[in-house]
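You will see two complexes here that share chain A, one where it goes with chain B and one where it goes with chain C.
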Partner chain A sequence: MTMPAIRFDRRRLTALMAKEAAQIVRDPSTFLIALVFPLVLLFLFGYAVSLDTSRTRIALVLEDSSAPALALSQSFINSPYFDVTVARSVRDVRSKMVDGSVRAMIVIPQDFGRMAKLGRLPNIQVATDGSQPNTASFAAAYADGVFQSWAAAEGLGARAPAVTTSPRFWYNPALRSRFFLIPGSIAIVMTMIGTLLTALVVAREWERGTMEALMATPVSMAEFIVSKVIPYFILALASMALCTAIAVGPFGLPFRGSVLALLAISAAFLMPALGLGLFISSATKNQFVASQIALLAAFLPTFLLSGFLFEISSMPRWIQLITYAVPARYLIPSLQTVFLVGDIWPLILPNIAIMLAFGLGFFLLSFRVTRRSLD
Partner chain B sequence: MAETVANASKVVKRFGAADTAPALDGVDIAIIAGQITGLVGPDGAGKTTLIRILAGLMAPTGGDIAILGQPPGEMLDQIGYMPQRFGLYEDLTVRQNLDLYADLRALPPDERDTTYARLLDFTDLARFQDRLAGKLSGGMKQKLGLACSLVRTPRLLLLDEPGVGVDPISRRELWAMVADLKGEGIGILWSTAYLDEAEKCDRVYLFNEGRLLFDGPPSDLTDRIKNRVIRITEFEGSRRHFLTHVLDRDNIIDGTIQGRAVRLLVRDGQAIPTGRDLGGDKPVVVTPADPRFEDGFIEILGGGPKGTSRLAESYRTIPAGDGAVIEAHGLTKRFGEFTAAKDMKFSIGRGQIFGLLGPNGAGKSTTFKMLCGLLTPTSGSGSVAGNDLRTAAAEARASLGYMAQKFSLYGDLSVRQNLDFFAGAYGLDRAEARRSIAAMIEIFELGKVVGQNAGALPLGYKQRLALACAVMHEPPVLFLDEPTSGVDPVTRRVFWTHINGLVDKGVTVLVTTHFMDEAEYCDAVSLIYRAEQIATGTPDELKAEAARLANLDDPTMEDAFIALVEDSDRRRDTAGREAA
Partner chain C sequence: MRRLLAMIVKESWALLRDPKARIVLIMPPLLQLFIFTFATTLDVRNVDIGVLDRSSGVHSSELVSQIAGSPNFRHIIRLESSADLKRAIDRQEVIAALVIEQDFDRDVAAHRPATVGIVLDGRRSNAAQIVAGYIGRVTAGIGADPTIEDTEGGTIVTNWFNPSLDYIWFTLPSLIAIVVSVAGLSITSQSVARERELGTFDQLLVSPMRIHEILIGKMVPPLLAGLFNATLYLIVATLVFGVPFTGSLFLLYPALIIYIIALIGVGMLVSSISQTQQQAFLGSFLATVPLILLSGYASPIDNMPGWLQVVTYANPARYFLIIVQGQFLKAMPMGAVFDQLWPLALIAIVTLSASAWLFRARME
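On to the complex of A and B.
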């Protein structure tokens, strides 16, 4: 049509935003996605999901009951990494290995005490459940560690190595996965609100026939799009603030950066998130299709390809290339930096710039597909 | 001469490739200030497309359009537009909806109070300002939709099927409201599939399949058939038999049942038949009748079908049983606090048509679904073909053919696949299915479209296919839910010819409709209003009752409905006051 695309009238815009706000307040699904979902996600990643290996359930088979064997078994029982079940023979624990109730089995053989008395380094057997390779290798390594330190304390075995490494972990000394999962789940929350909710709301206007009525008024498409963006932008920031408060409060996350940096990063990320949501719903005009595409195009990449759960550097090269197209990839390291390290602007600023560029692209696409026409 | 507020000439609109049939094919239309211009035609005629083009929401493929002298889309603040679904935000209140449209249409703030007061008074919605729009009745939504399109008095008002699906009382009120607006010099375009509404317009544009069939004052059309419409009474035997018999005569091009009488349209140039011509030894009474717009439409379309139904000819004769075929004893359905149907009682004998008549949401479909065994009644009982719904719902379902509102076909299966599926669903064996499908394709002339997807068919074909799917297994009982909603009058005549023929073979029919004139085909009708049966009887009995209540002379079925509903409201009010 001949209507200029960019035309703003403050009164119309205010009226549209007031309408949007009233709908947000009345719609129970908005409330669920903006408030309940973030809480569930935070508690899930805060408590239930953990990538730490602490307390792996193992079985300790004591075929020998000499003093050295008992001393070693005490070391295993005292280790913070193992939850130990003691048995007398391998037969007793085999079924536990099969049904997965223990992940590894450590056998202290009959001649263990005799070898130790002779001043020789005795053998132990470690069998792990290879169906869970991560846990298996952690368990094997930790078991070896326990054994080596016991041997060192007893003065057994090889001479001390020439070089010792003493690892030190910065920023997250306890290596608690919660510390990097929670900033990641804030990214998921903002993706849900920014992309999924906005994808639904424009499609809803088409489905319910209100779009047709709006287009027959002097409303411009620019006013319409802005009236959708601003309320959800505010809602997403509010939800982000809620998540941050919970992260820093009950979960005890450090917050070493500034609020300004956090706001800048979040606001920058919301541009591509909202832009993508608008683009999806303007292009599909159908709530069901829009929600499916939003899940595929925004939620899953944020979940899998952003470095939230899986480290990008350990992905195959071609998947690593794909991650560069996922806006959340630039958000998550920035968020983790602000929480765990501080305002490292040289790292944050380029990420912000990239996210803004993505946002601009999606908004331009949305303007192209949102035409004032029913054709 | 009044001002022309909208003028369109040779408008063409095509969706898709250049060789597809256009949705609008060279249409001319002019809307005059201070008049109601009717845009009339069945579903799929192109009414909505034309309105959207005039409102600037779609670009035409060809043609010239001027709205208030400008191209469409330029004068949006001078146009009021009410889309078919009213364009209301159901999760906002009445007041919030008005506020939104007032701001969007830049109503000056100092005029707001007086404008709202006037609109709320005009629509009688003042009491409901704080109610959510989604919680309003159909009639009230429609009034609010109108109010929203009138927040700034427009010069052109476009109303897309404002009366569809709402009860006749709300439709009449809306018409009266819109007629008031003529006085303010607004040019109004009123689109409708109800042909009786056309008669009340100042000027009518009649559409079918994208082409303009007639334009001018409605009386021009009815004048063409003046003196050719007759009413026959005092004939021997059943009215359905008689209608079948006279329709097979060459000089009769259309006929409908009107209670105990039959209405006929005589072919142009033929003499009006006498009572002896039609009745032979037992002459019938022939009286002239007023022509209606619908008669004129049928005339333009070349007349209705002949009287004999090939479907009925090939159908088995349903053996006579004892007692009623469909019975309802106090069927009641409650959803929580809400009563959807209350104490439904009726009994339908073999070879009868029984109609449930009422506006959308009155409880017709709920009653229907209880009788199909799709909903369990909260209380009461019923039976279909001798099968009690409480103990033998599956057998009850097996004995009926069901044709649903909106034609429950699989849109992405072809016509043949739909027939195959329903043959299987009704348990026909392979030989029966093959024979039956071949017969259906021939009788309903589906041969040309047998490979096409059902969803893409024109409405008339869909309706025929839906009927074919429902009768393939020759059930003794047919349930028809709004079977002719939105189709053109000739398609509707063909449909009823089949139904009349089947009823002659002993099929029992239960039909729901909100088209009042369809009730005339029924042997008995029950008016459903606010979940209750407010009156039951033959169409003539209901009309006589209405004539007595409202002091009307020769009321139509719609008049009868309105009189009986108003009487029910009065009694409810009195009962309410006495209870208080």
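On to the complex of A and C.
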């Protein structure tokens, strides 16, 4: 069987795309991935995943009942960062630390009042639940903050450091983690549609043999690929638009760039995403294997190796090298920039160029794999 | 009993005979193990810092060289103007920029309190906050009089269960809960959906097999896969990465089995409402994402809004995560394990009976 490589016939192409579009509309799994999944993901990243720690549950053990000790414990109770239960002894708290119902314990020791009356800075002890390292270091830092400001108000030995810092966080002054999580989840949605859904759908055609049937028709290779890609391209862009509307509407993200930049970035990212999906399906020709490989090659890297949740610069060098091959690595900073900063073309354009290059590579690969499999 | 045994043998073969399924059983968990372990760190290292030094005196130079010497920062980039600073931040050439104003050296020399401005990239607000903390620690040492001994009191911090707050001690035990959930959900829903697509599920239904026998048979492959993955992770976590295991295997494994059965129940529910393999796969995927994000692994449940915290009570991963972290680090006693175990068992009973009911309803 031979198939002409590049030839376009408008009628054939329209017919193929109409067939693909009808399949998309009819298939409930498309609906699941293109509509339900984005909504669930945005909802979860908007509400469930919050790195902005709110009130930490702590236990306060008062071994001293002098006036200074009571005053300090009142500062802890009034602190917006803690949800305090008062306990009489350390032993009572131990089991609560084990079952996780408190995340830290603050002990105001016996000689606390005596030291304070002598005008010296007393000690407090903070024991954290180290099994949750983040919450632990947060609780320790804020407990120290409450104690230091109490001591400063009492005029007790706290020396203000000679040099202090005044940090200003540009583009996200209130430090809402939602501001970087939502653009990241848009990247995940586009990966799911571009790579996973495309891989599944095309693999199903191979599995059922309809692909061979299609190849026996006068359809050219290029027509075939274009007809597969365009409908999912449009579907992914529509899903991205839906996510953007939710991000800017209910979630209150700013949108400081232009729609043009957003479209350019998304379209550029969909090239490698769709190309990879086509390649996986043509290389595996099996739905189950295609889905597993798409998860490993697209979903997991977009989640973990793109700088979405974890800083790339902190990873070991060999993992940093892998991240250069993850297209989402170029998408996520661009998306975050368009939402929070504006059209910073010197940052966006190189990223677009790299994504397009990856896209070209994947399409050439799937072109070759599909052709070879026909012989 | 003989029928049940035959079903179990058949299911185990179906899982182990297929070379593709065998690879899927072993490769993804191992890859996940290594990527998660090495990539998921909340430290910030090797970042570039910009410096706009308008003071250029002894103390500001000392500050800059201290920053440059910090192991967390890679390059110090000199900035000449505010426009320079804005460009460097906007293009993400630096994550933070120090702004040292003209009177800085005069203030430090005169022992007046001095302030250093830091501009941080709010696009990466999480990493930026950590960087601000690092810089604050460096600046606090500048201009301090070394002759004053610090003999006074203060806050004495100890971290229980994980003294040096090693993040891997948190990640690896939690990963057991996650990898098992992926295996439990996807294998269950796939194995039922494939038989449905091939039509062999109807053959099973018309055989003398009872519904519960078929369901028990279908529970074997995900149970085996889950136990296998969990054991693999347990061995790697303790032997390769040195995470302490202070609890008891006799508490962990029964809890693990009940957790997997609860997951199988969820997987059965997904497969009972899907018609094709593709729907089953996407459905189980759609169930896995909230299962992980609402478990307390991605971010503490305490940070969620109250109504969402209520939703997490229906999530089996929530309970097992507490058990597995407790068994690794906290030597969690039986009573505390049991508090988490009975809701897990309840979820298993509810989901399994619901799916048995759905299958039976389909048969009639």
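Methods note: the second predicted complex is superposed on the first by the 367 of 375 C-alpha atoms of A that agree within 3 Å, B and C clash if a C-alpha of one lies under 4 Å from a C-alpha of the other, contacts with A are read in each partner's own complex, and residues count from 1 in each chain.
The working rule: a residue touches a chain if its C-beta (ideal position, glycine included) is under 8 Å from a C-beta of that chain, and two chains touch if they have at least 3 such contacts.
These figures come from a predicted structure and were not determined experimentally.
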| item | value |
| --- | --- |
| Contacts of A:Tyr324 with chain B and chain C, given as first, second, both or neither | neither |
| Chain C versus chain B, contacts on chain A by residue | C |
| Partner chain in contact with A:Ala22 - chain B first, chain C second, else both or neither | first |
| Which superposed partner A:Thr210 touches (first chain B, second chain C, both, neither) | first |
| Contacts of A:Pro218 with chain B and chain C, given as first, second, both or neither | first |
| Touched partner set for A:Arg12, first chain B, second chain C, both or neither | first |
| Overlap of chain C and chain B interfaces on chain A (superposed complexes) | none |
| Interface residues, chain B side, partner chain A - complex | 52, 55-59, 71-74, 76-77, 79, 81-92, 96, 99-101, 103-106, 132, 148, 158 |
| Contact set on chain A toward chain C in their complex | 28-29, 32-33, 36-37, 40-41, 44-45, 47-57, 95, 97-100, 103, 115, 120-137, 140, 143-144, 147-148, 157, 159-173, 175-177, 179-180, 200, 204, 286-289, 291-292, 295-296, 300, 304-305, 307, 309-311, 313-316, 319, 333, 336-337, 340-341, 344, 346-347 |
| Complex interface listing, chain A residues touching chain B | 1-3, 9, 11-12, 14-16, 18-19, 22-23, 26-27, 208-210, 212-219, 372-375 |
| Residue numbers on chain C that touch chain A, as the complex places them | 20-21, 24, 27-28, 31-32, 35-36, 38-47, 63, 74, 89-92, 108, 111, 113-129, 132, 135-136, 139-140, 142-144, 148, 152-163, 165-167, 169-170, 190, 194, 276-279, 281-283, 285-286, 289-290, 293-294, 298-300, 302-305, 308, 322, 325-326, 328-333, 336, 339 |
